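I've put the structures underneath this note.
Both of the next two complexes hold subunit A, though its partner changes from subunit B to subunit C.
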Partner chain A sequence: MKNMKLILGNLTIDKYIALIIFIGLLILPLVSSRYGVQIFGKYITYTILALGLDILWGSTGLMNLGFAIFFGLGSYIFGISMAIQKGLPAFMSFGGITTLPWFYVPLQNPIAAAALSVVIPAIVALILGYFVFKSKIKGVFYSIITLAFVALFELFITNQQIYTGGASGVNGIPTGLMTLRAFGSKISIVTWYYIAFATLIGVYFFCLWLNHSRFGKIIHSIRDNEMRVQFFGYNPAVFKIAVFVISAAIAGLAGLLYVPMSSFVSIENSGVAFSTMIIIWLAVGGRGNLTGAMAGALLVSFLQNILSGYFGGMWQVVLGVGLIFIVMVLPKGLIGSLIEWQYMHRVHKKKNMKHVSDGAPAQKVEV
Partner chain B sequence: MYLELKNLTVDFNGFLAVHDVNMGIEKGETRVIIGPNGAGKTTIIDMITGKTKPTKGQILLNGEDIAGKDSYDISNSYGIGRKFQGPNVFDEMSVYENLEVALCGHTSLWSAFTYRRTPEIYRQLNEILEQIDLTEQREMLPRFLSHGQRQWLEMGMILAQNPDIITLDEPAAGMTDDETFKTGEMIKSIMKDKTVIVVEHDMDFIKQIAKTVTVLNQGEILAEGTYDEVSHNAEVIRVYLKSDDEEEEA
Partner chain C sequence: MELLVSQIINGLTNTSILFLVAVGLVVIFGLLDVVNMAHGEFIMFGAYSAVVCVNTLHLPFVIAVMAAALFTALVGSVVERFIIRRLYGKVAETLLGTFALSYIFQQFVRSVFGPEDQLMALPIEATLNFGNVVVPVYNLVLMFVSVMILIGSLLLLVKTKFGMRLRANVQNRTMVQCLGINSSRIDNLTFSYGCALAGIAGALIAPVKSVTPDMGMTYIVDSFLVVVLGGLNSIFGSFMGAFVVGESATVMAGYMSEITAKLLIFIVIIVVIRFRPQGLFFSKDKR
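What follows is the complex of A and B.
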């Protein structure tokens, strides 16, 4: 069964890169300042968010131009919960509210708020997904509708200033959530970092399992040949809704973990611009192999930090040029291209070892 | 009558691709539909499998009208399977996984998460691999298979799906003569308990598999009968067989 090894490969290069990323993130707090921990803690939540979109876009082929909605919902729910721990936050009392609105009452319990910041995005995705996929909206029309959703979400948040903080966002969240205590002591920022890190590992292996399960096979089939799948008796809408809900829950989880790192929640991390940013991460890193999403999120976010230091407001132009370069030269993204290169390399090596017939039995079989 | 098409008409913006077609197919029959390009053969398959909704008419399966239902529903609830024109397989999955995705009885969302490879499933899939002669290629990606093997893989997927009615759209297209013959034998042996509807061009192949042949021309039925009847029908020779020969000579 040499051809089996050749075709399926052993461990592909993306797994090694994922391992390097994980080890790097694991030891970072030992060598970095508190500021670095906070910055990279934020990036970890971005990589979780990117994994969520990779399940949706990479594995199922559903490019979502408004994916930040779910991240935003998660971070707003948990952020508001943190902001109301010590009475009414400033943006509410300035708006003339004297008592906590009824719909925020459950958020006074941080545990309930944490659960809701995962569940609410999933429910919203279920409702949106039901209407979009049941009515068989596909391809670019689906993508445009998701863009409309995020634009509406942005408008809604900005207009409901007394409830959401409007354009200026939810502030007054203590850094590292000093009000939260575990076993009688405050949870430090480093602890939060490792909570986010452990979640990243968990989400990565969950996504890996998902891709290799029968469910994964079916969503890949939907991505590659939706019509063929239907004639085998699968209802693609059901599977698309399911994957939409799962990815939204992952994004909500990422949004929740983002709050202690940033101590500030605003539309900047929930709107159209941030949605585009997630798309860029996956375009740079590559889709469908999980590592590409993580590497893209880390690399672009890190470069954003460096470039905005050098170029100020011009960094986006630099990023844009880089993006165009990658999309044109490496359409599969950095990691996707590496996998391709490794695959071709292995095929050539096998060929040189005179296993040609094993690799291409097409010519061998004559009836 | 097991499967009955009644006054079936489809109108593509004024173009009548299929016009008032009536056809009855008995259970266990192998029916071949032939006709020149644009005669409406594939459109009829499209309507039976739910890809195209008829403008008018009925498709009765055991007396129940299935016209206009969703294709996944027709496949799931009514047991109608389809092989597309040209191999239509999943290129990023191994031969074995391709068969696995097609496997019947595991199409719900729930079973997508609870599915396990049981000994029974192994036995079933290994048997299909034998039948389509791809046992050795089971772990390969379909893009490394020959054209004929890819066609057989899709036939195997239909077997795994295990429908009552199988529709085959040009199963021998692009095959060598040997492969075509082998495909014909495959259809005869492994699909003998099934109702099979085949759209084909190759007259030798039709002779090999068919008892009843329906000839379509410009969306309407031109003739119907045994292979010998149809192949000697003057009208059929004029619009179909003759032009076919001329094309070959040209």
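What follows is the complex of A and C.
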């Protein structure tokens, strides 16, 4: 019992906040309207996406400016699969296509589509990562290349109107979603919500385990001192590619779950602007401690929903000013700063306790 | 054959535009290590100042370009003084901070001028005919200005006292301070200079491209590609990078779709970086 108390007392504050977030999301459908469930279902997929970027940027130090591409790939694959469940969707038949293109044939099976929407982003990340990391591209160069890549992806999607719906996005998803059956009944939005929630819990604990495993120690060392990791005989490129692939798969999974929540897929949620938004979530919440990514995604998306209703476009100014404030005053993000504050508080308390028990001047506590 | 010739000449125009939009980025990154994501918004400011000067105030185009340079330099100076100065040495933070600035600038312009495209007449309407190929004189002006900016920037860095202090400041900041030179003032001037270059670029492309609040985003990716190819700290490198990207993109776009051309260039850039990770013309001592 005492042991338990000690463990709980030693937990950092971010774990408690993560617990609060999980409990809040768990009971939300009981008190909220259908619309609220849909909105927060979308936010859950955003938090999964943010967790994916957190192991890439927070844990490994690879700032990806085009992370939405994997989310977009996942959501486009599953979205198109839903759209073609009942014959050709409008954007294809308007484009003059009469039979399903061969590369969409596997997507007719929803389960295969779901698997592909996780696997394809991972493969894309593997190929890109192989070229980028094997050639020792690092730092800003990596960020800029990912930015260019997502810009190309955006151009590609908008130009391939007849295959992807172009700038107006993939329509006809709701009818496809209606055909999905689990145990003989239709999957309601609340069920989808809990599927996404369970995935979020799974991904969170997976990332937590990853960070504390041997693999996690190595990727942290790559972030902090890549040269030294090399001296120890590790090949950083292999680990970077592995992290890139894992995070892309997580993002693809988030994209897959996004489809039933929004019933619509467009470039809005896979382009340059959305990639920037993911970076902002992590900057606001704090990187490297998972909770920061989740809290940032929830907070910014929630505020965006509320404030853009009141202020319209001026919301962007609020966001910009807030971001500048965070970068200049709290460079570790909200949750990161809380953890730091708690750490200082504990060190201070220990110092005082020592002072009382020894009756001697407090010794310098090693930090 | 005719198509090829006209595409090569168009490519030269695109090269000069690319160089104009990228050179400010190189100055700011190469000398200050700041990744300026708001660079596109400075270009946008330049374009809007030119539009206001020409359409509303009816000033000559040359004065409009100067006004654009002055205005963006002023904004850049203020931004450096209050935000960028606190973020030197932290690349990720400068990236985020300038991201935030780009949001604010975009929304500011959108609420003042509205989201629609601002139209601006070509300052020189004349065209030259080479056989069957028609070249607007204004495109030649663009090429001329970009070459002048290349030479001017190199001379400024190499031949003037300010340039000498600037290079010294990049190489050994403490020593420069010991010699009684105000190094933060030099930083400020450098940043303003980079922004002024963006302003000139914006003013010059305003008559030929669409001027909207979010026009910056279209240029920032291309200019980053140019800079990555040419080397992040070499002005001459960015000129060559612009040449390679602009010329090949335009020539290829004559024969295939634009997206395929861009994809091919992206692959070429990745392959080049594979063998020269710092870009084609990266120099160890910063110029």
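What we mean here is this: the second predicted complex is superposed on the first by the 343 of 367 C-alpha atoms of A that agree within 3 Å, B and C clash if a C-alpha of one lies under 4 Å from a C-alpha of the other, contacts with A are read in each partner's own complex, and residues count from 1 in each chain.
Assume contacts are C-beta pairs under 8 Å (C-beta built on N, C-alpha and C of every residue); 3 or more make two chains touch, one makes a residue touch a chain.
Given the structure is predicted, the values throughout are model-derived calculations rather than measurements.
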(Q) Output check: A:K349 vs subunit B and subunit C. Expected answer is one of first, second, both, neither. What do you get? (A) neither
Q. When the two structures are overlaid on chain A, which partner does A:L319 contact: first (subunit B), second (subunit C), both, or neither?
A. second
Q: In the overlay, answer first, second, both or neither for which of subunit B and subunit C A:V132 touches.
A: second
Q: Based on the superposed arrangement, let me know which partner A:F231 touches: subunit B (first), subunit C (second), both, or neither?
A: first
Q | Partner chain(s) touched by A:S213 [first = subunit B, second = subunit C, both, neither] | A | first
Q: Based on the superposed arrangement, let me know which partner A:I144 touches: subunit B (first), subunit C (second), both, or neither?
A: second
Q) Just subunit B (first), just subunit C (second), both, or neither: which does A:S221 touch? A) first
Q | Partner chain in contact with A:F239 - subunit B first, subunit C second, else both or neither | A | first
Q: In the overlay, answer first, second, both or neither for which of subunit B and subunit C A:F156 touches.
A: second
Q: Determine where on subunit A the residues touched by subunit B overlap those touched by subunit C, and list them.
A: none
Q) Given the complex with subunit B, which residues does subunit A contribute to the contact? A) 1, 3-4, 7-8, 213-215, 217-218, 220-221, 224-225, 227-236, 238-239, 242, 359-363, 365, 367
**Q.** Of subunit A, residues touching subunit C in the complex
**A.** 63, 131-132, 134-137, 139-141, 143-145, 147-149, 151-152, 155-156, 159, 272-273, 276, 279-280, 283, 313-314, 316-317, 319-324, 327-328, 331
Q | Complex contact set, residues of subunit B against subunit A | A | 49, 51, 70-73, 75-76, 81-82, 84, 88-94, 97, 100-102, 104, 106-107, 109, 111-113, 115, 136-137, 139-141, 144-146, 148-149, 157, 161, 176, 178-179, 182
(Q) Per the contact definition, I'd like the list of subunit C residues that touch subunit A in the complex. (A) 29, 35, 83, 86-87, 90-93, 95-97, 99-104, 106-108, 110-111, 217, 221, 224-225, 227-228, 232, 257-259, 262-263, 266, 269-270, 273-275, 277
